[in-house]
């Protein structure tokens, strides 16, 4: 066997540089919404929004975000503990049930809460039967708090479960051995180990609450997003709406960067646990309580929405309302979600490569940029992109390409996280092994890196698929003419009082949105 | 499942998906030029009609659905560069806002509709009529106690019993009509007095109707057709509509309307669409499916509705409604109803 | 293109490499003869791994040349990427592809022709015939290590580079496997460069040793030659046990408390004595006193104190059992003389097999 002719090569770009270039190209469009919002901050807020109104909105929004975050941390932490650290029977089923409400869009949650209450609602019927009175239509802070907390529980559950699994029992035992009681061990040893995942979960919930539009609109709680939409839909002058959106976006971006900087200081290292902790024995009574807790959680967050939608559908169908099954909308919803998920998978790859392999300022900037865009409420991004495309990129205005692009830049961190997880488990020596076995960088990427990254990409893509499917405000603003999706259909049909049609579309939406959760559950739980 | 087959399967699914996605995104660009309608009326209301027009005319039609005001504002922002050919709106105010961009319609297209339901410069024409009305719970409110006009609503006996949707477009149009009819100061007073009665807030008209039907509110300020739709879906057994007799803005007759963008290169097709909306087929659709008042072609409204001419309505020119819309939003906020 | 007379499988000349302020390689020179196993031995952090990665093409040297079979792969204006060097690599963590089974791991670097034949040939060679369908995580550490070797051998590279190939194994397995690997490499007639910090391992398996310190090779040669003739006191101390003391040479002789030795030097010198060349026996008038004893069963290690503040260790027969305080006579079989001042002792080694810290994965 002879030596391959070594081709002399001047120091060309090493392959890594291409990843940087690609990552830069991916994050470049991200500058558009941030730029427009910065412009909006200057031109809109300063001139058109009274300070008192800003403070009022900020107080309302902050109170809701704080309350929802705290509630879902407690409930989601408890459910994660139940399925990961105890001997509760039927954990697989419990897991699926706890995370499925993630598929419920907030406006469907709110809509069905309204449908379940009032004199003829299901909940009212139950209460009347129990001897109480009917429940009036809920609105305002507590209603929004309830709906958003229930929907946010899966976010915390998913964030905390892996950390619960990898808790090092020796640390807790060491603390017990040093004479600390159970409670002290929990506060001083267990909780600090969980802190990074709890913080991550809290950030996700906080950002979600800040950006929620559907629930607060329907339940009439006066937050930023609702005010933005009212200003946008009800006035000709769009500067106040853009200004409010910019303020909210700034708050979200600040939250993201604060969380990032605290995380950087408190990087948690731990020796690989040699063994897993024995499950906590609940006892028969404890198991009943455990399932009772999970059962009521699932009833509130999943069964009631399904029951209300089904009741509307049946009521209409039984009284002879003709409903065309919205197959075109189903097709469009799946189509647009698949496109967004696929493009996101393509776009995230260079980003995951550079942010996993390099820990420098530029990698931090790219990742922080992606997170900032994730934090910017969709309604703000949507409005910014309308302004951007109308004024600066007219060929993109009202096109599917723009809508997909916006989904991708809004949801990138959802796929960045799992991709980096997978990529982190590919040691660079595997790629070097491939190179030394005669394979080019491109072939190495295709045959080693990509297959190993694929599970993460896939579960991230499933998340993007799901969030795209249930996304409402940006879709409302940016969809091309005639491009009605299931979420839009539910929103507009129920808004016009066509409950039967809305219910059919809503049930279909839940059904399709639940499918990718199977993929996510697989990735998150099998470790 | 072994990790090998899982990873390989992922790769096998993912790669082709990525490639097709790339291609398709690229292919999404070009399209020929269909008749583009900006519709402030929901798909449930006009979707079947547009489908029918597509079929009968053979034209390619695309629709962008959104709120009427939102679309008016979008049109203004897009300016003369807009791709839209037709603007179909829920209310005259939105049409009025977009009027600078609308072309004058040929007289033979518009004269099927009574003059009070069209723009004085013929830039838009009404296609269906909707009436502000009071929905009430028959179990709670005696017919003899029903108000005759909106001022009777301010009676303290209705404290905590009235349902309103203060952010809803039709409520704002009602307030705008009141501003034109009575002036800003009187309107603000009325709104403040209403707010003092602790009305129940709803996001939209339809939950108010459902609330009246469930006995949650005694009275609700709504458009007339929501109750009829609820009844068609099997509900609405307990609630009833009451048309105010005082001739004040509480019984405002508000047409939905349509206009053609002056920049449109398909104005002939656009006129065909308007003619279709005013045809017997479409007018019958409004009467029978959405329970609105037909405005042309001699079609009669739903049997349970009083004839439109018998309803006393304030004397305002609907062409001016938009001038008061912005103020209406401000006054509602100022009165503390938001 | 350089095509010099140098047809060694691999040679490196005057390599320099620094990372920021740290100098990793400083005039590093190395060459390996065809078919032999050369071990680069040195304490942690002297640039062994950096050198290996430059030879493999994973790092770029700041200057210097590398030739594979006479062809320049690193040189002024020349960089041949790793995939075109025909240099195989066995990694410390084996770097097996977790998504491929054993056969596909081994076949990874092969072209379609004769692939199956070659895979079974190589697996046979490493004693893993019949394991083709196993996944890497289903193998023991020793089996994984042999798959890694088979994979590197399969394409028939000019040289195989191995980075601490045994450090992830426990002590017993390490000893067995290194003998096996040695014979596999012999059978395959492959030229190998291995990097290790383990002196015993290096002495046991190598044809040639290259001792490395502070970014450069300080001595090369067959293991026993290097052991017996250390070029510097650092080499002497790093490779085996050694005791040092200062002495004065005069008139072709060095006089010590345990005898007089001939020398060509004169003036102040440093004397090195290896424990195995020291013999002690009980003697009431002996010059030395036992200060410490470690008993190993097959032998014992004694520490004895001589006049002139000299301390020597003696590795000798377990009998007679001497105790601290016993007076003994000392005889020394041979000494080494260096004229340099005493080098500081080698930095302490990190014990191999310490679990690496694992970063907590923050899920999102």
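The first chain written gets the first letter, and so on, giving A, B and C; residue counts start at 1 in each chain.
The rule we apply is simple: a contact is a pair of C-beta atoms (placed from the backbone, for glycine too) under 8 Å apart; a residue touches a chain by one contact, two chains touch by 3 or more.
Keep in mind that this is a model prediction, so the values were computed, not measured.
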Farthest-lying chain, centroid of Cα atoms versus that of subunit B: C
Central chain (distance from its CA mean to the mean of all protein CA atoms): A
Subunit A-subunit B separation of Cα centroids, rounded to whole Å: 34
Approximate Å spacing (C-alpha centroids) for the pair subunit B, subunit C: 85
Distance between chain centroids, defined by C-alpha means - subunit A, subunit C (Å): 53
Contacts with two or more other chains, residues of subunit A listed in rising order: 451-452
Interface hub residues of subunit C, defined as touching at least two other chains: 98-99
Residues of subunit B engaged with two or more neighbouring chains: 7-8
Complex contacts: residues of subunit A adjacent to subunit B: 114, 118-120, 134, 136-137, 139, 217-220, 222, 230, 232-236, 238, 315-316, 318-319, 321, 338-339, 342-343, 345-346, 390, 394, 398-401, 404, 450-452, 454-455, 457-458, 461, 476, 480-482, 484, 488-489, 492-501
For the subunit C and subunit A complex, residues of the former touching the latter: 1, 56-58, 60, 68-73, 77-89, 91-93, 95-99, 108-109, 151-152, 155-158, 161, 355, 357-364
Residue ranges of subunit A touching subunit C (in the complex, touch as defined): 1, 3-12, 158-159, 161-163, 166, 193, 196-197, 200, 204, 263, 267-272, 413-414, 417, 421, 424, 427, 429-430, 432-441, 447-448, 451-452, 524
Subunit B residues within the subunit A interface of the complex: 6-8, 10-11, 13-15, 17-18, 20-22, 24-25, 28-29, 36-38, 42-45, 62-67, 69-70, 72-73, 76-78, 81, 83, 97, 167, 169, 172, 200-207, 209-211, 213-216, 226, 229-230, 232-235, 326, 329, 338
